[in-house]
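Structures incoming, each one as structure tokens.
Consider the two complexes below, in which chain A is the common component and chain B and chain C are the respective partners.
Coming up: the complex of A and B.
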């Protein structure tokens, strides 16, 4: 499978991916032979478990789907996974166990940079193909050829991440002139803030407040007070879930107003936080990876969400499935297609296949560059609109998380001002 | 053959035997698991030098451990020094840190001393988070070579290095136990005022113990950047290191060097096994559960149980 894929071939593959995801457990030839074992670690406890558990559930849904479709290369698929406890020090041991003792055929990553990077030396030493989940330029240091990263931030996060926020702000009347930046002192947030500074320079916006706060921060009132004193037009936060809640609560209590507020906040995507904040989210303009808007439906997305939500309901897991689960399912689809294109479990062939052609997935068509990052970043900025009460069902409907950027997925108009009138 | 010599020869023989067994198993997983177990053996033995021998409970294990790890990161980045040199440097840095911390805090006793040591980890973590050259809050990558000298596999080298450090740590702890320093520390543990009144230089002995203990913890942390390849402040300064080192020593028994070795081997093996078997939040309960059991049923640890059992046998 060395030649480039034709348009017709790609169309067939896309249709197959769509049909397979939509069909779920459709009838197919029963897989035969020894199962193909896919090994990975996942944060099922500890700080990252809130995203690790839903991601695992999505991967299990994929395993059920592919086995119902006749398996991978005609063999059934079995997932072999261990809880890394959100602790990177556990990861090298787990991956050597997977490869040496469990003798898995394929490996995928855990969730997030801190849990992906410790696996890399083991992966590189064995020459394994490696599809990772929501890493942040993890391969920049290793420069390993056989990897692909399922993360929409792309290769130039420090530049591109906040682009959408500023593009949306450009539509405000009058054009915003000042900006406040506040964010957590951590890898992801620092890159997000760097991008905000870069974009502010590009758009000629003056930064009037710029601070990073330490991870131990619990009282966000001083930060919000300082921002209020600076009276910026725009407020860009780069925060993690607990801080996002703290910042928005403090903004509400101290009556912080801005023409536009939000940015690279991780937290509002999490189901429990959506339920907690409810209507307080209205008019927040926030980074995201997926929103259930009519402009962002890809083949198989709706079917996957139905299957995921049913499984989550049964297992008592988070039931929206809008953040990590679609990406985790896409991670498995990319692996599946790379193996199918390689036609064997040869790791070099699978690794090469990761960079050759586009991958139709439930989160759209993905294409990876040589470092494994998306060729085109796809940072989505949504605005919460019309949220009432704390009912989670409303977040499953279009119109609640309106996509404002990028233009090709735009599903509504910006409602200026924060908080909502 | 003298007793110390017998012990050292025995330790060396046990180390060689362990390497040969793992080579026969010929499995990378064995090297990785062995490394983690030995790392905790060294941490527990080091913790016991201050807490077990002199009665000063140190909550700053993570600080010394992380200081060692970050010494390696900085020296590798700045001077591209060999890991062996980094380990020695980490011992010196953490030892000096121990000496400094001891000088500032050892006039405190009991819970006040413990709180002061706990704050050391907070202070150091804040320093690292605000130091971009050390990776700051983003963390630092360390590229690991494929092999090292006669070792074709770097995992095997890391295991052997940690084995040598752990056995060295045990030899040092055993040596202290039998030395004038050990006797002095025992008098401090039993009654510091009486010891001082009898002419024991209590502050000097405590400072020596803190420096040795800190140095050993730093050496335990030095290879970590190469083991994990990526290290961020949360992982390096994790309270888990402190809790594990304490729990392992308390479960094994604080009366001598054997207790921490038994406790660390037992608990760490259990944790490693649970990670790849139970594989759920349940394995986090192991340390707490076992510790509660021992506090209730055997407050002097496994060593205490053995001694009690032997004592009953003698009187029967």
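Coming up: the complex of A and C.
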């Protein structure tokens, strides 16, 4: 399939994507022949397992769906995956095994930059098409043509990532003048902090504290005390799940206050951490990828979440499915559509198809530039509002994760100040 | 200009953190420092205890520190059994150096994988009534989440030191570290004494697990953060010196937090481990260890 897609063709694909997620099992011809094997590693243990396991479950839901619809290119699909233990050092060996021993037909990535980047040399050497999940400009260094990244951070993460946080802060009265930045010394967090510095310069906000902490940090009270001592108007954290909890607990104990607090925190999106922090999340303004607000609905999202939650309930997995799972399902939809458009398992054709046309998915229409990043970034910033107790059901309802940015998805008003009154 | 209140808070929070390091290191100080058993799985045992305590306390509301005291004897018995296996298959054959180390490394992996299979990959935690509260001593804040585990840690270490000095078995444990053959002349079986001591070290891991789950949530791999630290504390103190282990842990905690406050948290591990290197260069036997004749 070459050339630009017609509006009608796009409409057909969009309908197919929505129906595939909604129905799950349509009436279709039974797949024939050897299954198409899709290989990948995933963090099923270790620090990133809290997101890796739900992502895998979403991919398994997709595999069930596509097999029920007649398979891919008329063949059934089989997922071949290994636990990379959240350790990048395990990743190259896993992908070498997948390609040389398991002889998989297609590959997709693990979760996150730290586990995507180690696979890239193997993928590039073998010329495989590669759809990655929640990387942050991983391909910037490799400049590989056959990749697409399912992540809303966009191509200029070190500029755009924190834009929403500062746009929201601009609405505060009086306008904030000072900022503290603290974040984990890792690729994602460093880019997030770089973006916060860039945005602070743009908005004329003075940075009064700016430190990175190592992954081995146990006690976050020195960081929070130093921030409290600097008395900033805004606090921007760029943290991973364990440290997000440590920072927020220390902020509560040491009574850290700010006009707005949050930023690029990975952690509050994780179901277990939502349950753990409960009402402590109120008024936190945090980066996210999706929120169940009426302003952010796409064809198939609700149906997918129903299917995912039923599967998660049965398997005892996390049951909200609001962070990695929709993106993981979209990752498989993009792969499916690229293969269908290529009409074969030819990797160069699939790689080229990744950049040609738009992909209707359950997280909206995606279009990738030549580096594989989204043509338009879609970093959303939400504020937790009205969270009571630790009941998870409240996070399925609109109104607890109010979207404040970008304007097209805005679903409520900022409640200034942290912590909540 | 240095803010004295900030420094005072950094020192106090460093002491509280040091108490956590002390109870996490004390079991290893007994097994590694006194029995010459390099139990690299000690932090994983601590995390195992944290997860068991979380499973017991999260649904019942039972206090995790009290739960740690209750499960410590069970862990002690398991530790005693584990030492018997280690002795049978490695120590008795003289294979304890590399193969013994590999045994405990393997045990660490088995514990971590088992935790993932049983409890899942997500973090475990326990809500306590004192979780978000702090005591104020003038300008110095004492979060109860850190203070109560620190007090528990100090109480357990004091009880351990008293037992080692006052009881026959306690003195025998100290003696077995120095001369196991001489111990036989006193009518004590060194293997039995080492079994008791190793069981005690694993019981201490259970108590450390109770303290840890109050301080922070844990997952199956949380022990990795502590492996370097507890080994550093035991070596910094000098092998076999339990009071020295307490002092070294407190020094480690204070240096980490003061460095984080003054120069940024990224420098904390570098400065703390530089201290270890400096002490080893000047006093190879550690701060409180005895020089070999």
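The working rule: the second predicted complex is superposed on the first by the 421 of 421 C-alpha atoms of A that agree within 3 Å, B and C clash if a C-alpha of one lies under 4 Å from a C-alpha of the other, contacts with A are read in each partner's own complex, and residues count from 1 in each chain.
As a convention for this text, a residue touches a chain if its C-beta (ideal position, glycine included) is under 8 Å from a C-beta of that chain, and two chains touch if they have at least 3 such contacts.
Bear in mind that the values here come from a model prediction, so they are computed numbers and not experimental data.
With both complexes brought onto chain A, simultaneous placement of chain B and chain C is prevented by a clash. Once the two complexes are overlaid on the shared chain, A:185 sits against chain B and chain C alike. By the touch criterion defined above, A:92 reaches chain B but does not reach chain C. When both complexes are overlaid on chain A, the residue A:241 reaches chain C alone and has no touch with chain B.
Residue contacts after overlaying the shared chain place A:121 against chain B, while chain C stays out of touching range.
In the overlay built on the shared chain, the residue A:82 is in contact with chain B alone; chain C does not reach it. Contacts of A:44 after superposition: both chain B and chain C are touched. In the superposed model, A:214 lies in contact with both chain B and chain C. By the touch criterion stated above, A:101 is placed in contact with chain B alone, chain C being left untouched.
In the superposition on chain A, contact is made by A:222 with chain C only, not with chain B.
Overlaying the two complexes on chain A leaves one chain B stretch of 77-85, 131-139 or 293-301 clashing with chain C, which is 293-301. Looking at chain A, you'll find residues 44-45, 49, 185, 212, 214 touch chain B in one structure and chain C in the other.
Remark: chain C residues 3, 6, 9-10, 13, 17, 20, 112-113, 116, 120-123, 125, 127, 131-134, 141, 143, 145-146, 215-217, 219-222, 225, 228-229, 253, 256-258, 260-261, 264-266, 268-269 touch chain A in the complex. Every residue of chain B that touches chain A in the complex is listed here, in rising order: 27-29, 31-33, 36, 126, 129-130, 136-139, 141, 143-144, 146, 154-155, 224, 227-232, 234-235, 238, 240, 272, 275-276, 279-281, 283-284. Looking at the complex, you find that chain A touches chain C at residues 44-47, 49-50, 52-53, 86, 185, 211-214, 216-219, 221-223, 225-226, 229, 241-242, 245-246, 249-250, 252-255, 270-273, 276, 280, 316, 318, 390. Contact residues on chain A toward chain B in their complex (touch as defined above): 44-45, 49, 81-85, 87-94, 96-97, 99-101, 113-114, 117-118, 120-122, 125, 141-142, 184-187, 190-191, 212, 214-215.
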